[in-house]
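First subunit A sits with subunit B, and in the next complex the same chain sits with subunit C.
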Partner chain A sequence: MAEIILEKKSRILSFAKFRELGLLGFIIILAVFVQLRNPSFLTMENINDMIKNTAILSILSVGMMLVIITRGIDLSIGATLALAGMISALTVSSNPHMSPITTMLLGTAVGIVCGGIIGFLVSKTSILPIIATLGMMNVYRGLTYMVSNGRWVSANQMPASFKAIATGKILGINTLIFIAIVIYIVFFYFINYTRTGRQIYAVGSNPDSAKISGIDNEKILWMVYTIMGALAGLAGVLWVSKFASAQGDTAMGYEMNVIAACVLGGVNIAGGSGKISGIILGSLLLGILNNALPLVNVSPFWQQAIQGIIILVAVIINALVKRSVDRNNLIRRKI
Partner chain B sequence: MEHKSIITKKEISLRNFFFQWEWMLVLIFIVINVINSNLSPYYLDAAQLLDATMAFLDKAFIVLPMTFVIILGDIDISVASTVALSAVIMAVIYNHGVSMVIAMIICLLVGTVCGFINGYLIVKFKELSAVIVTLSTMIIYRGIAYIILKDQAAGKFPTWYQFLGWGKIWGIPLILIVFVIFAILFGLLLHRTTFGRRVYAMGNNITACRFSGVEVDKIKVIIYTLTGFMSAVTALFLTSRMGSTRPNVAIGYELDVIAMVVLGGISTAGGKGRIIGPIISVFLIGFLRYGLGLINVPSQELLIIIGLLLIFAVMIPNLKINTKNIKFINKF
Partner chain C sequence: MNDFILELDNISKSFPGVKALNKVKFSLRSREVHALIGENGAGKSTFIKIITGVHQPDSGDIFLFGKKVTFANPTVARDKGIAAIYQNTTCFPDMTVTENIFLGHEYVERRTNRILWKKMHERARELLRSIGSNIDPEEKMGSLSVAQQQMVEIAKALSQDAKILLMDEPTAALTNREAEELFAITRRLKEAGTSIIFISHRIEDIYKIADRVTIFRDGCYVGTWNISDITRDELIKLMVGREITTLFPKKQAKIGNELLRVERLYRAGVFADISFKLHEGEILGITGLIGSGRSEVAQAIFGIAPADGGQIFIENRAVKIDNPLKAIKLGIGYLPEDRQIQGLVLPFSIMENITLPVIEELSRRGWLHRTAEYIKAKELAELLRIKATSVFDRAYSLSGGNQQKIVVAKLLAARLKVLILDEPTKGIDVGSKAAIHEIMSDLACQGFGIIMISSEMPEVLGMSDRIIVMHEGRVTGEFDREEATQEKIMEAAITKRIHQRIAEVL
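Up next is the complex of A and B:
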């Protein structure tokens, strides 16, 4: 009898430990299913396309994960992305000889300023993140319209070198994917192996004890939102280069996709936990859904509802697993 | 010592009476109206102002239950999708030959069911925060609206239905009258019933509430169901004003509504605030938009103004709390 309980416990425990494994399993099942219905799904070309389309989402979800780990949320990234994209597109269209790297740095700088302001509001004036980012979202969105006078920057105004950011290749890999991989490696090291990175988790899981143990909570919060802004700014340049147009309503509502990717990837919205491997899978799952549903002839009007249901089911399964783990822990304590 | 502390408490409460957030809102409201009437000679006209209320009151219906949700310390971001779904279902059902009255009742029912589903999921899965549940139902409800109507518009409502959004009784817009009635009802519910007191108690400490025998889950489900119902009311008035409906109707309403509630002095940490605040801020933002629209301020700049207003509104009381904290720490 005890053996059965033990066995059951260990099975559930191991499942919970590798929550990413469940997500990976789901992705594989989905991929097999789609592949059976449409053989062009798992071709090199399509996979490359799919990952390219997911790159921007995954870059943003790194920053969002950091923010959510500190118990915050950032609703302003869609607007920051649009503002940085618009400013860099305007600059590059008036100076066609600007190098793509300078443009990316310019976008990132705009993002840093935007994120820094939010970080200041959240850390120094203790405004709740959801309110601060909601307010600044309106401000940045308005500024995007103002700097562009409500006009678009279209493909023919952009120099070829700028549009080549999204189509070019570094070491045989598409630039977007390359940048995403670099960011993932950097942040994997940062949040797992540096002191500041671990402090982010400490602030998220228990702000009071973090403060007592000498961590500068305000600095960490400020840093997290600035990183989020910087990534959103970079993503803005990539976005504009990929779609070859900058508009006032670029990426409107995109923050919800990013939050969904984080939640799917197992980042706990109550703060304190979240892994890089999780958000890679979370954003990949969203990317696969976007790519695969049209391939199996699902009407585009069904896609949104299906995505929503998958997100809901994923978080509910996560909750149920966590519940059974907790129950098992109680049993162990009784013995 | 004891005596002294009581006196200081009294002083603070007297001072607080005049430094209450609602007075601040009234002040901002007056300032906005004075500025508006100076900027445009067409502003201060009773009939015009009453007409202007018709333009912004549709989303105000959601502000009332959202106040309850935020006092609980939760947030509901699925309201705009609920508006879209109930409006779309109403229109499609009417176009299939059902009478308008029944279609309207079904619209209200759909909204109520949407709200109930939110509440049920939040109560059943307590590990999930309300943000996550309503985020996913937000996507699902909007998705169902797209499945039903694709990218088309549905309309051709009977002419009497327009009266809901455009009609007036003795010169007062119908929508204003209905809003005032609902505001009074919700105000009574929050401030004059046990239900309302329990909502505040739950916002402050939900565990203590559960242990003291409050039916926490039931109250939560009721509040989310009410939110869904009021979203459907918004759908009725919005569709009537627009004359037709599309699946992408009311996009971004959830953020507008939350902004109004927070500007009204409801703390997102839960347990604080009064319903009069959000009601004032509905009119404050509404008249701000209307007045600045009269002098041709583009709506994008309005976005900036509203965003800054929201942040400063929240910043000022926070600064006050900060000084209190410092004093509290200095004591030790």
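Up next is the complex of A and C:
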């Protein structure tokens, strides 16, 4: 028995390592390749820019990861982001003296309400997440147009203190990046070192068993969608501050980028697994592709196609490896 | 009276449409292994779920250490010292061994509620060592073998300081040696003061490990005996119990040429060494307990989940079947166990369902020939006496029995020779059951070869010309119609492999 266990262990370890190391390796190769073609890629300024652009994406992908771990999906976050961004922008433009912190809290609160409603629909009425969030996506998008009467809130209507959220620095780090790092740390602790955090994994890994183990599945589901909403709301404020404009069609379709970042980062779309380190790398890879492909003169049309292909390849490799692991497990069962 | 630590009295539990438990009772002494046995559907699993608080009984009382209790949910039962190892290990495959062991009662720092991983890993390692296993607690549960997962489940029960441990079919997925290890652990637990409720289909297990045995049959309590007071033949007889009274409209069809031959069919981890023949006009019954691999064999022949090895011959021609379309073209039809999921397109009309497999023949250049479709469907619907206002009725509007007839009609529409029927009468009313049996008999007379997979003993005995019994992925018995009895089949279905026994003798 001992030999079997040892042999097995090494194989699994190499698989787990492969996932993250593979991604990291790919990022490095990509970076070196782009650098050779265009030396302005790895300059301090460009790197800073790249990470700044990835910050919002990676904040959202933390929430999306939690949702996907519970076997769900949230299509509404682009709309939630737009609604929260719009409401904060409107509020701040009529109250120019509002502190940036209050604005962020306001956006987060809007997001919590939006996410809470979806959480209610998914956990209490057992509507499939994809349907519930598709429906609410349209509701929130419509609300965004309604509260703004279809008008934009443009840069000159926003006070400087608000726009400074995206440009300012805390401890020498850009505020967006700083917030993203704080969120990583908080959620890393939450999902790895608290009971509630581990229960999220249990619910996604085996819902029936979770119920038998005395976990309140509904509560967990409600919670993850609310967290997702909160992060989307916060991201809405950051987004509007960064682009210095709030529009009805802000972040239209952005949820797909977020889902892509999660999938690239090794979050299993069937639920049960996903790591913070994975989605950081996943978001980073997407960010680098966005930044680097224009630098090496890839046409914008090709950029999207290339991104799509990379995501597919990552998922296929993942599926193949998983299948062979499953098969090996079956073979080891003697009859 | 008060030496019982757990007593259940007059427990009844119904689910929509079924009475799962009818006034059953059960009592557990301190430091005993009490076996609970019964056929499929005898209510054992429901019973366990009542003790662990997953289900609440409709009526009846539970006494724990002489005090009346109710288990409102699994957490309450766990806090009172009841732990369970379920039939299909209910683990979390994506989480580590440690987490599986401690889920719900993690070690946390008192002030901050932070999970103390290091302490948990250490304790998990200790627990696993104490039952003689050296599984790495940081490994993912999903990468362990079933036997190892079982070890983790036991460690989990230990970590809860369980006074009462329920084991539901713990040996079902284990090899003999692994099972022996499990028995040794069970004995040790018993000596340490745990009381164990042991559910198993394997009679050997019960004689090896149990002190007393209780039998359930069809949701009712049959009796409790000291294991030394009852022989294994008596046990089997009491488990099967009933007299066969239903009449089966079995006509003796002429057995003709060989239609299908399967040789040494094998699929990794599911079944092995399956060989049988099927002739024209023959009904071959395949039976065995749930999880014996019978449906999987059928699905391998039909190409849903192809076998890894072995050969299939159709009319003496070796064929390779790797998808259902190929199987249909070769003349094999499969009626799945779950008709609503696999057998029918519920929103379609009766006609559309029946003609689905032959839609190519009924169309010209891609255009459907509605009249031909209608004639074909009507003919078959009348043949099978499907009760509906017209063939345009939607499938979901019909009763279970009539839905089943549509699935059979669907098979008949395609020109087939071999029909595989997986639980053809499960969950349908008595009248429709008789009708389906009659249809099967007629089909056999017309020269079809039929493989019927069934758990219902009377049906197997009443309809089959030959019976194959499977246990844990292998054939453990083969009987002709004349020699088969309930007891012989049950014995083959629950006891050690025949082949292995022969090998041991030789």
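Here is the rule we use: the second predicted complex is superposed on the first by the 306 of 335 C-alpha atoms of A that agree within 3 Å, B and C clash if a C-alpha of one lies under 4 Å from a C-alpha of the other, contacts with A are read in each partner's own complex, and residues count from 1 in each chain.
FYI, a residue touches a chain if its C-beta (ideal position, glycine included) is under 8 Å from a C-beta of that chain, and two chains touch if they have at least 3 such contacts.
For clarity, every value in this text was computed on a predicted model and none was experimentally measured.
In the superposed model, A:100 lies in contact with neither subunit B nor subunit C. When both complexes are overlaid on chain A, the residue A:265 reaches neither subunit B nor subunit C. Of the two partner chains, neither subunit B nor subunit C is touched by A:85.
Contact with subunit C, but none with subunit B, is seen for A:214 once the two complexes are overlaid on the shared chain. Within the superposed three-chain model, A:311 lies in touch with subunit B and out of touch with subunit C [touch as defined at top]. Touched residues of subunit A were counted for both subunit B and subunit C, and B has more of them. Shared-chain residue A:150: touches subunit B; no touch with subunit C. Taken together, the two complexes place no residue of subunit A in contact with both subunit B and subunit C. Listed in rising order, the residues of subunit C touching subunit A in the complex are 52, 54, 73-75, 78, 86, 90-95, 99, 103-104, 106, 108, 113-115, 117, 133-136, 139-140, 142-146, 148, 173, 175, 268-272, 472-474.
The residues of subunit A lying in touch with subunit C in their complex are 1-2, 4-5, 8-9, 12, 189, 192-195, 198, 201-202, 204-206, 208-215, 268, 272-273, 325, 327, 329-335. Residues 75, 121, 125, 127-129, 131-133, 135-144, 146-147, 150-151, 251, 255, 258-259, 262, 268-269, 298, 300-304, 306-308, 310-311, 314-315, 318-319, 321-322 of subunit B are the ones touching subunit A in the complex. For subunit A in complex with subunit B, the touching residues are 73, 75, 121, 125-128, 130-132, 134-139, 141-143, 145-146, 150, 248, 253, 256, 259-260, 263, 269-270, 299, 301-309, 311-312, 315-316, 318-319, 322-323.
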